[in-house]
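Both complexes shown next keep subunit A, but they swap its partner, so subunit B is in the first and subunit C is in the second.
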Partner chain A sequence: MMVARWASKGSTLLAIGLVSVVFLPVLPGLVRMGFDFFQISHWLAIWQDTQTIPALMATLGSTLISGVLALALSLSIAIEKYPSNAWRSIVKRLPILLAMPHAAFAIGFAFLFAPAGWLARAIAPLMAWHSPPDWLTVQDPYGLSLGVALAIKESFFLLWVMMNLLGERHIAQQITVARSLGYQRQQIWRSIILPQILPRMMWPFAAVLAYSLSVVDMALILGPTTPPTFAVLAWQWLSDPYPQLQAQGGVAALILLMALLIFGGLLRGVAWVYQRSTVDFDGVRLPNRVSIMSWLYQLGAGISFSLMILILIWSLAQSWFFPALWPDELSVKAWLNADFTPFKTSLWLGLATSLIALVMVLIWLEWGPQRNNAWLYAPLILPVIPLSAAQYFALLYLHLDGTVIGLIWSHLLWVLPYVLLSLVGAYRQFDPRLMLTAQALGYPRWQACLCIKWPLLMRQILSAFALGFAVSIAQYLPTLFAGAGRFSTVTTEAIALSSGGNRRIMAIQAVLLMLLPMLAFALAAIVSHWQAKHRRGLR
Partner chain B sequence: MLEIKSLCIKQTNQALISVLNVQIAQGEVLTLMGASGSGKSTVLHWMIGALDPVFTATGELKLNGKRVDQIPTEQRRIGILFQDDLLFAHLSVGQNLAFALPSEIKGKSHRRQVIEEQLAQIGLLGFYDRDPATLSGGQRARVSVLRTLLAQPQALLLDEPFGKLDAVLREQFRAFVFERVKALAIPTLLVTHDIADIPPQGRVLQIEDFQHA
Partner chain C sequence: MKEHAKKMNKFLPNLIALCLSSTVMANTDWNKIEADAKGQTVYFNAWGGGENINAYIDWAAVQAKKKYGVTVKHVKVTDASGIVKRIKTEVDAGRTTEGSVDLLWVNGENFKALKQAKLLYGPWAESLPNWRYVDLKKPVRVDFSEPTDGLEMPWGTAQLTFIANQTTVKNPPRSAQALLAFAKANAGQVSYPKPPDFHGTTFLKQLLLELAPDAKALQQAVSPESFRKASAPLWAYLDQLHPVLWRKGSSFPKSAADMNRMLADGELKLSLTFNPNEAANLIATQQLPKTAYSFGFSKGTIGNVHFLAIPSNAKAQAGAQVFANFLLSPEAQAKKADLTVWGDPSVLALEKIPVQYRQSMQMTAPGVLSEKVPTLAEPHSSWVAALEAEWLKRYGAK
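The block that comes next holds the complex of A and B.
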């Protein structure tokens, strides 16, 4: 018993140790930024910079649009369609929409809405345009197009969260009961369903806000330029060689964190008022109102699919001048001369990172503490800039900036929580009697895991792995900071090219960027399908 | 012989089981009766080495004179059968059994032959490569028993193993299990809430008798 207890303690320590390596080195950098935060001179410098106020307005504006609109879009489509066949086909399309990286989405969005974009070409004959119109669609100074693009992209994420919440409770039956009591869909949702699922959507919604607040890759393509959004400004300051500006950037990063906390507080207030206002029933049965939001969701999903096609066409376009709707000639010539180095870097980086994260997560789930694990998800609901800057600080101190180890480590901070999040439910629900049976047949725990538990969970493990891979592919700031400019991935390359003129070459990188996560998810699906082919119990 | 000596199980200072003393002889099936939620499964979990950490237990478990309550599950050589068959879904019927077969039986073809013979004995000739999900409930239950017994346990724990089968099947399956246990001559503890599960002339303990506060 003593030996067994020590072995189990040792495994727990190993689990905690492994995960600490990912998280703890971030703390000193955060503490340093914390010290800078209380120096009035940095605040003065930020205040006196004329870029600050417009940048902050653009950031707050785009975050508000993104959060409110994404929630409205996803909620209204759920209210309108759940449960029905139409709902099932809507959620069936979600994985591919979720798999599309944000940066690729932004590039496609620009291809569609920019002054020389496809939309302007489509209406050019009507307006008799021969040169691109003087539109302020993308890169508008208020961050509107950035906010709308974020809203569309994040509505898929929120809908996916909702789909999981609706599935795990008996919501469909509750809707039937409420309808038999004479209520209509919208009122049922307002008074019965939303009070149940909204509290569970708080954290995912906070993640959307945090993402929108500190997004840099999408903001570089769709956001305002002079001045940029506040997140981009903070990042520019942080990457300045001048220490005073670096410290200022750290403070700006913490201001973003503060903005998130304020948003969070507001959110709690709204939720509190909402919960109070819905439980008072007067028995009046209200008719449904016409909802255009759910139609807008469908439009958003349609736009997203057409973006993917548009990017693909651009990568094959030999020449494509305004106002032609279709390229003069399609050719694979650009593909033959394309630079595949970023693709290879993304591939090995993603594979290494997600594999390491998966091993850590499996060890953590099996031997780590069963309770108080919420802190592991912190990177998902915190703005990326302060974390990424703190990582860079640690890497500089350890002379690991610009190394493969440093780069993989920097990605792990986001890949690990996502892999954990995707696996934890299935892992905790695994029937403990199966493990007990295996152990009673004479196998030690680790062997029972290898032979029984992990193979039985293979489908979930593979999809967690694919998600980890996709998260790594999409990393922008950590790759720039930790890689110290020495590594270019499809994400960093596509965004670097977006400021140049060659759309074809940028489109090729964007196609590769879209392709990698989709390949990973497809591969995971194929392998688990193949494994379950002769085992009905695994389906 | 399987022996429980002065077992007490507590949950935060509240006694769940106090002073349980039991001896089960080779080939005997002892029945422990109690309503659901009475703590009888907790006793089984302690015996197999998987007591929920919210409980604390004192007492000794001896198997053939050797103390086993302080060694890990996989070294106790105690077999367990649950209400569900718990066949491993990613393995074939034969692989499920091969997982249990001791390593002393060597050689790929020999191991397979041993398992095929055992399958034939329980009326499942030619089932080696079958997907367990395609078997009937009764067939799965029999494979599950066979899997537990192939590991050559020195004692057996039965946690309401007949509960999920329908009435006709239950009768047959009960007879099947008791016959096999008798043939192996190992001590067996059966936990149930159904009087019909008690084997003929079997000894019975009521869990309430060990639960006075």
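The block that comes next holds the complex of A and C.
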């Protein structure tokens, strides 16, 4: 008995220790930036830089557009279609849209909307254009195109969150009842559904805002250039090894964090007003209206699928200059000469990171503390830049920058929370009687986990693993900072090539970038299907 | 007898060192370097934005592995000044031997910064076995008016070259003033990469050389006074140019490679490059239409030599020298000059190298700069930072 208790205590300590290794070293870096934060000279330097104000405006503008529009798009389609057959088919397409990495999305967006992009080519004959139009569709100074691209991409994420919330059965029943009473969809949502799901969407929405505030990879492709967005500016300062500018970059990163807090405060305010203004049913039945926004969501999804096809065509195109609608010749020549090193790097890095994260998460869920775990999700709702910079300071100090260990560790900070988030629900709902029975029959706890619990949870475990893999693949800043430029993954390679001239080579990396997460999810689905085939209860 | 042999054993090397020609000594030294290099990993920090260049470096890395057992890893750099500062930070932090950079592609102000801070290993360049092929008539011993002192090895030559398309531009502008007139006549279709992009800064320097009242002042280190005097006409020129640029100068192409793409699509009417052979290479890889051609300004364009240097804290100094020596070999230089590979002009003297390597250095193809454009010397390297800072202040946030 004594031994068992010690073993359990030891396992708990192990769980806490493992997770601490991922999180704790970030703190000294943050503290260091915190000291800089209170030095007036850095603020003065930032204030005196003529780039600061326009950069901040572009960042705040694109964040606002992204957040508000993404919420509007996803809400409107849910209001219009849930529950219905159309909803089911929309939801079925969601995983592919979610799996598409942001960087690939931005590259495709530029292929479609840039002045020399496919859209301009499509209408060039009508307008008699011989050279690309003077459009500001990408890299506009206000960050509008960046905001819209982010909004489309994030609307899929918010819709996915909503799907999970709406999946709870009683909501569908409430809608059915209210509809049978003759109320129109918008009315039902306004009075019953939104008050239930909006409060629970606060954190995911905050994650969208945090992402948009500090996004660098998409901003490099679609964002303004003179000056860039504030996140890009902060990153440029941070990666400048002059200590003065580096400290200034740290302060700028914390300014982004502050902006997030201000957004969060505003959000709370809006929520407060909203809760006081919910309208109850008043007996009036309004006629059904079709909202334009839901049509816009469909347009966004359509655009996203056409981006994928466009990227694929570009990777095969030989010469394809404006205003040609179709390449002169398709060929796999570029593929045969393609550089697959980034692909291999991404592959082993993603596998190693998600495997380590999975082991840690399983140990944490089984033996770690059961309460007060919310802080583990902090990296998901905080801007990437300050965290990544803090990691870099820690690695520099330990002489681990540019090493495999440092790189994997840096990815874990984001991979671990995602894996945990995706697994925690199913894990906590697991029927405790099964474990109790196994232990009563004499299995030690770890063996009961290996033989009973984890095989039964295999489907969820595999999909958490695939999600972790996808998160690792998409990391841009951590790879650059921690890798010290020595490791190029498909993400960093695609972004690096986006400033070059060869669209074919860039498209190849973008295709590989899209392919990796999709493969992971597909493989997870196949393996869990295959595993379930031999277990009657899992079918 | 044994005693005698022992004495001879000691004596012989001394005798060799004293009496025989220095080449033999160099050879033994070089043999030691080659032996040390075996098994080392060289982190070659070089600009990674051109896939033809990357492919060439990959090829060279395979050769180095095969021939000398040296593993070369290409660290793709976007801006060499970042690497200079990284070396500084490393040494300041006490990392004086285990540095992360072994070999660095560098020139101009970055070389000067490293040399001044004594962060370079050497002299080593002129004791390389392949130094004997180098064309000493080219400016291979000065870098932006700074003597190289054997601290860096010439790798290739470059000259600012403009590219246009025959179907849209029949008479290209051949001076700064003609360029301004051309931009006004083709509003929204001319631009340049945003400084501190390397090509963007070079474009500024080209304009500066032409517009400055006294071009000789540019060969001296910059001072606030000389900067104000020399650069005033440049800012007046840019104030006129920017309103008629692409997007009215509110944003700029990301790089020269980006401009080549925009030229191919007809979004811009001019592009620029630092490699007189690049247009030919881009035509061959179907990134530019066959009607693209190269041209220069009639009074000349900026030209220079680019170099390789080894930081003082490099971990694999022997490996870096062995790899650099290979890159200087007639075989590697001929491959580099090949228009279908990279097309970077060689630093070797044609008459010094074996005949079989001469052909690819004299290749010509559609798109190549076929006219004779005089080469202008780079301004003193201290002008770059001043120019970039002032540009960013004036036009960085529009």
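Here is the rule we use: the second predicted complex is superposed on the first by the 525 of 539 C-alpha atoms of A that agree within 3 Å, B and C clash if a C-alpha of one lies under 4 Å from a C-alpha of the other, contacts with A are read in each partner's own complex, and residues count from 1 in each chain.
Heads up, the rule we're going with is that a contact is a pair of C-beta atoms (placed from the backbone, for glycine too) under 8 Å apart; a residue touches a chain by one contact, two chains touch by 3 or more.
Since the model is a prediction, treat every value here as computed from it, not as a measurement.
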- Here subunit A is shared; do subunit B and subunit C fit on it together or clash? fit
- Query: Given the touch rule stated above, what does A:Q275 touch, subunit B (first), subunit C (second), both, or neither?
  - Reply: neither
- Task: Examine A:L456 and indicate which partner it touches, taking first as subunit B and second as subunit C; both and neither are also allowed.
- Result: first
- With the two structures laid over each other on chain A, which partner does A:H130 touch: subunit B (first), subunit C (second), both, or neither? second
- Item | Which superposed partner A:Q196 touches (first subunit B, second subunit C, both, neither) | neither
- Message: With both complexes superposed on chain A, which partner does A:Q173 reach: first (subunit B), second (subunit C), both or neither?
- Response: neither
- Message: Applying the document's definition of touch, where does A:T437 land relative to subunit B and subunit C: first, second, both, or neither?
- Response: first
- Query: Could you give the angle made at the Cα centre of subunit A by the lines to the Cα centres of subunit B and subunit C, to the nearest 10°?
  - Reply: 140
- Query: So, does A:Q531 touch the first partner subunit B, the second partner subunit C, both, or neither?
  - Reply: first
- Message: After the superposition on A, what does A:Q244 contact: first (subunit B), second (subunit C), both or neither?
- Response: neither
- Item | Residue contacts on subunit A - larger count, subunit B or subunit C | C
- Note on the structure: Superposed, subunit B and subunit C have a smallest C-alpha gap in Å of 48
- Message: Taking the touch rule as given, give the residues of subunit A at its contact with subunit B in the complex, in rising order.
- Response: 1-2, 4, 431-434, 436-445, 448, 451-452, 455-456, 458, 531, 534-538
- So in the complex, which bits of subunit A are touching subunit C? 50-51, 53-55, 115-116, 130-132, 134, 136, 139, 141, 224-227, 239-243, 318-319, 321-323, 337, 339, 396, 399, 401-402, 484-486, 488, 496-505
- Task: Mind listing the subunit C positions that touch subunit A in their complex?
- Result: 43, 48-51, 54-55, 58, 73, 75-78, 82, 85-86, 88-89, 93, 95, 100, 168, 188-189, 194, 247, 250-252, 254-262, 264-267, 282, 285-287, 289, 392-393, 395-398
- Using the touch definition up top, name the residues of subunit B that touch subunit A in the complex. 48-50, 69-80, 82, 84, 86-91, 99-100, 102, 131-134, 147-148, 151, 153
